[in-house]
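Chain nomenclature is as follows: A, B, C, D and E, assigned in order of appearance, with residue numbering initiated at 1 for each chain independently.
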């Protein structure tokens, strides 16, 4: 997931080549057009219908699921006057999140994060968003997104989203993506808490693998979130007339949210580092304890075994063997020696 | 405590939803209104009474314990003209500390830190503070705060707090929150000193767990304190007329205090890292010592045990067994061998 | 590869001395001259022919393979009016990537990266690029480069590269070098994935050596890529008229690519650090497991061996030896003792 | 020493409360007044005498040993027109070094460092310095300081210190404090060198404790020195007329000194980190060597012991026991086996 | 070498005291005076001769070997109008590299690095350089420097150095010092490569000590080089008329060289850190392998030794001893048990 995909060397810049996994489902175009009074919704529309709607008053939101459908993408791009480099960025689904000002429109590249319950891994999908005067275009890799709540608000007449322009709609869409990060982070927070609890018992290799995996996912998430801060603050401070004063206040709020998400990611990363330290220390400590047990046992019994070995020898002339109390004396020596050892270990705090 | 709480995806921005633990006690509204001459205090007042008082001259301080009481919060917000995003921030009790300038008022979000003697953990509670011309509003999650000393000073006629305006009261409240950090840090400093002392003896798993726990608390405290610096310096440099020149000098002093608190947190964090290093080194060193004892014992006695084993064999033809001084010679060989070993170990500095 | 090569101390600055490995093949000069209508190509041309072409309209691209041919380099330098310090930088093939503005021309120093399939190592080669009004000069250490795709585009009439000036050609050449980094990174990404998989089994010294080697290569790549960002952004923001407005948009795109490459390098470096941590933790963990097995075995059998040693002694007076059930009782004692040990280990979770 | 001391929560800002250890000796006020012609010195003077002197021409230097004497401090503060917050900072002897501009005067808070030969620890003491037009006030925690050399220079007529104003005296005092850091650092450098030497032998727990202790002292020193840089550069760049042009050149020199001190502290910190690494590596390496000895001995003799044990068994039917050369053959087997083992270890480079 | 040397506390600033090792050889003054036409050289000249020459046209370069000769230094200082603080800096041979603008002259403090072949250590020597209109002064601790190549170029009529002014001479001298860093770094690079190769075999304590030593030298070199960057870039951007436009281009080139040197130092430092990691990992890995051998041997033979011990007991009633195939059965049991063990180890991948 963290790998870089090669582009074709030598392609002229602006060449439209899809970079990324190609889903099998066909692309789908849908559209919502609204002003404060009216709302029209259409699914599986043609590019022409979208372009026609654009001329009308109000806001037109066109959503394309499946950017790998290059002809459709190109037709939309031509219709809405996008630069060929913008289309190239939209097609490169490994692109870094960014905000670019094309004077008559803004291009935002974002990452949606999903928790894939099959693989138990976090999965990322690129969402590109273009907005200009009176229109918003969104481009997604696959069907299924986090925009349903925005759609619901659009359908409710009198909602703030309906009252305001394309810039507010763009803000609302970005906001719902940032919202979805909270869900991912909550899940990872649960994993972390589980891990921390498991660590209080004897840690095993499983915990180690889990820490390693979570670290990898944090790297992925960070990669998606870090550029977001610059993106939002760039949009907020931009002097373009495409973003109205009223929307800027909401962007400031959005900025706060991205900061909070980043803070949380950093705290989780720190916690993971702490857990790894704890893991390593625990293993060292346990090795030490195991060694102590071994050493005590070996140190107590190896000399005793030697002593009894001595009197197991078969020499013809071993006077001790014939003494009346020889056997008892050996026991005595061994008990005294063992006692001394135990005392030594006690003094060294080994028990 | 370090977890992030999910917001409801798709809620329109500015929707008032309480995020955080919901305490069981009901909310409580109290009010103090004063100028240099008069002072009136009221507990369990209604929102209307507060709004009525606001018109009067002097400073009105309204304190709400229990922000989960959304209707009351909303009524206060409407009455004092707060932006809906400000109310959303107040309700989100996981918010990052910040200072926001709403032109006719300032919103400060802060964290009070408590030492929960039951769980032996540091607990954090969000305090939101809004101040404008002639009024200060404070919003807390629960009853019980660190403002009693400020209240006492307000009750004393002629005190500086009584003489000055709402900005000074806001400063005094923030100052008392920062003061409370000193208490927490003193406690943690004691814990650190105990830990350091315990480390001079043989460190156990308990110390390791304690280090880990303190590290987690430092992260929590840092999260509460770091944004504070920007908050205070932002307030100090703001050109708003809401903050008087006289109060700015005190803000500079407050800024010094937050720096000192942050310094201390960083020093504690460094000490913890040092302690962990020390712990790990100690464990390694002890393992080494234990190993040395084991190796010395095993290396001395295992060959001896072999030798006595040889003469414990029952072969019919073992000439040594019948020698006159065979037994003595074996002892001689063993003593010489052991002496050589001991010499070797001495040379290697193993004793 | 990471070594620094000494210059001759005391040489006057601007002295032309080749620093680097000297390839055995002779140098080779080639030229492409074009405008939107016509294109002429020549291989193994003389310096004079190049200088003559320069006067003509359109763009002249002169490529020198083998910078160690100092006379030719000097002749080109004089002909195109390069500063002697520029020539010194071109000759020093250990130079850091940089962009320098010589008012009538720009000097870019870049690194091409190759994967040397023989040594399985990444190899770097310096490419110096000078462009001015109507001409581009490229200087390489050896024959063989990544510019073939650019050449192909130049040969295609009507391509964007043909339509535009020398600045666009320079951009296209730099772009193809950055493109080649994607290939290297893809290869290293595969190595990393292999390594990660190998790590889930028992890691050996081989993996350790491989991690170490990849770390070294990352350092090499970073050294080539880091200065590139400043180079591209410097070129983009430069106010020189040598770079046209139209080309600047493409430079912004190129800048995005360098950022993505750098991001990937940083992520790989982080992954390597994580893998090393994982390796170390695994080894610690395995040592601990090995120790546990040893300790269990030794602790169980050493006392037993002692006991049976006792009754192997040959004392005349050992009453137990003559008891009817002495042998059975010894077995009993040993079984009970062993059972107790096993219970102890179970309680300590050692099984 | 690194602990934070709690302030009394809720005290009004500017309340004068002494924070810190309270020495038992009484406070002592001394004064030196001079111009280029005359000099008067007085010890154990009253506050009134100081205030009277202030009116006179020339420079008046008042030094208070023992800031815990609040009445005296307050009298001085009132007499010289200090802000109550300045007095609060002087009393808080845990304050961070800083420079504050009170328009008619500057407040400098500094730390003197002493090597306490009893505890073998570095001790810090706060020195506060206020200077304005014609006067310098210094406030110390205890008697005994590093200003004697400055006093000596003041007593010598014609010295530069006598010729210049209060700003130069303030500079000279700060300079003598920075000078004293050199002494501390030299001592710590000696400790480091000793430690490094001790490390070449077998490191013990003592060295570990010493490293840890030195790390703690470095933290303390850093805390005293880091803010100094900003303090000096702030003073130097300040546009106040209180600091003359001539003195600014000396401040630049002082700035260089603080940088050198900081550099040295950083180098020492790095050396300590290196020593800790070296310590840990040494311990690992030694454990490895010890293990090797143990393993060689055990691996050689344990199988031998088994073999001789076999022929110590008392079965009625053990044909080997009755063979003519059985005993010799056993020895033969054992010697061959041991030789093979030794060969194996040699091949593994264990000797 | 990394130690700080104490200054005498309380000396008035600008007091001339030599800080550093005092070489035993006497000081030596030499002079070169030249313009594009003429050149005069003199060794062991008097200060007066130098001052006389200064008045003449052309450039005068005065070199003093042995700054500990304070009277001479002072005479030169007075003659060339140096500030007393500049002289103090020249005398303090532990000073940090820096560039200071004294309006009519520049003071540069630099470090020459030598490889001392006796101690196999890098040694540093301070070179101070003052240049003004028409003169350059250099101050060294000892005889012997890296300026011979510059001298040779000066002697060659028509060389660029002869044609240009004092600023170019100063540049050429600094350049030759930076050049000498390349030599040191090449040597250290060789050491690093040797170390890396030695590490592929079994690493010993020697390698550890060598890594530690190289780390220390890197710190020393870094300390000499880091401030150099600011020094050169400061000189380059300075608006003083003492540095001509033509020389500034060369300073830019010099700046590139210092960056390259710094890059190399950082890469070496990183390599050293990697090597230390590799060392630690190798030792851990080897300990693990050693442990495995021990555990296998002990686990195989300790139970066998117990079994044979059982039948070495001398009880009167041990029925197994009298069985016909008792001895064979014991061997059978032992072989089966050993086979099971071996299988277990194989399954655990211990072979």
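One rule holds for everything that comes next: contacts are C-beta pairs under 8 Å (C-beta built on N, C-alpha and C of every residue); 3 or more make two chains touch, one makes a residue touch a chain.
Computed from a predicted structure; not experimentally measured.
J.: Per the centroid of Cα atoms for each chain, what is the distance between subunit B and subunit E, given in Å?
T.: Centre separation, subunit B to subunit E: 42 Å.
J.: In angstrom, rounded to a whole number, how far apart do the mean CA points of subunit C and subunit E lie?
T.: So the centroids are 26 Å from each other.
J.: Return the residues of subunit A touching two or more other chains; collapse runs of consecutive numbers into ranges.
T.: As it turns out, subunit A has residues touching two or more other chains at 280, 284, 287, 291, 294, 298, 302, 305, 309, 312-314, 318.
J.: Pick one for the touching-chains graph, please: line, ring, star, complete, other.
T.: Looks like a ring, each chain touching just two neighbours.
J.: Under that contact definition the chains make a ring. Starting at subunit D and heading to subunit E next, list them in order.
T.: D, E, C, A, B
J.: Help me check something: in the complex, which residues belonging to subunit C touch subunit A?
T.: Those residues of subunit C that touch subunit A are 146, 148-150, 152-153, 159-161, 172, 175-176, 179-180, 182-183, 185-186, 189-190, 193, 200, 249-250, 252-254, 256, 259-261, 263-264, 267-268, 270-271, 274, 277-278, 280-282, 284-285, 287-288, 291-292, 294-295, 298-299, 302-303, 305-306, 309-310, 312-318, 349-350.
J.: Where on subunit E is subunit D touching in the complex?
T.: Contacts found on subunit E: 2-7, 9-14, 83, 85, 88-89, 94-96, 98, 100, 201-202, 204-205, 208-209, 212, 215-216, 219, 223, 276, 279-280, 283-284, 286-287, 290-291, 293-294, 297-298, 301-302, 304-305, 308-309, 311-314, 318, 320-327, 330.
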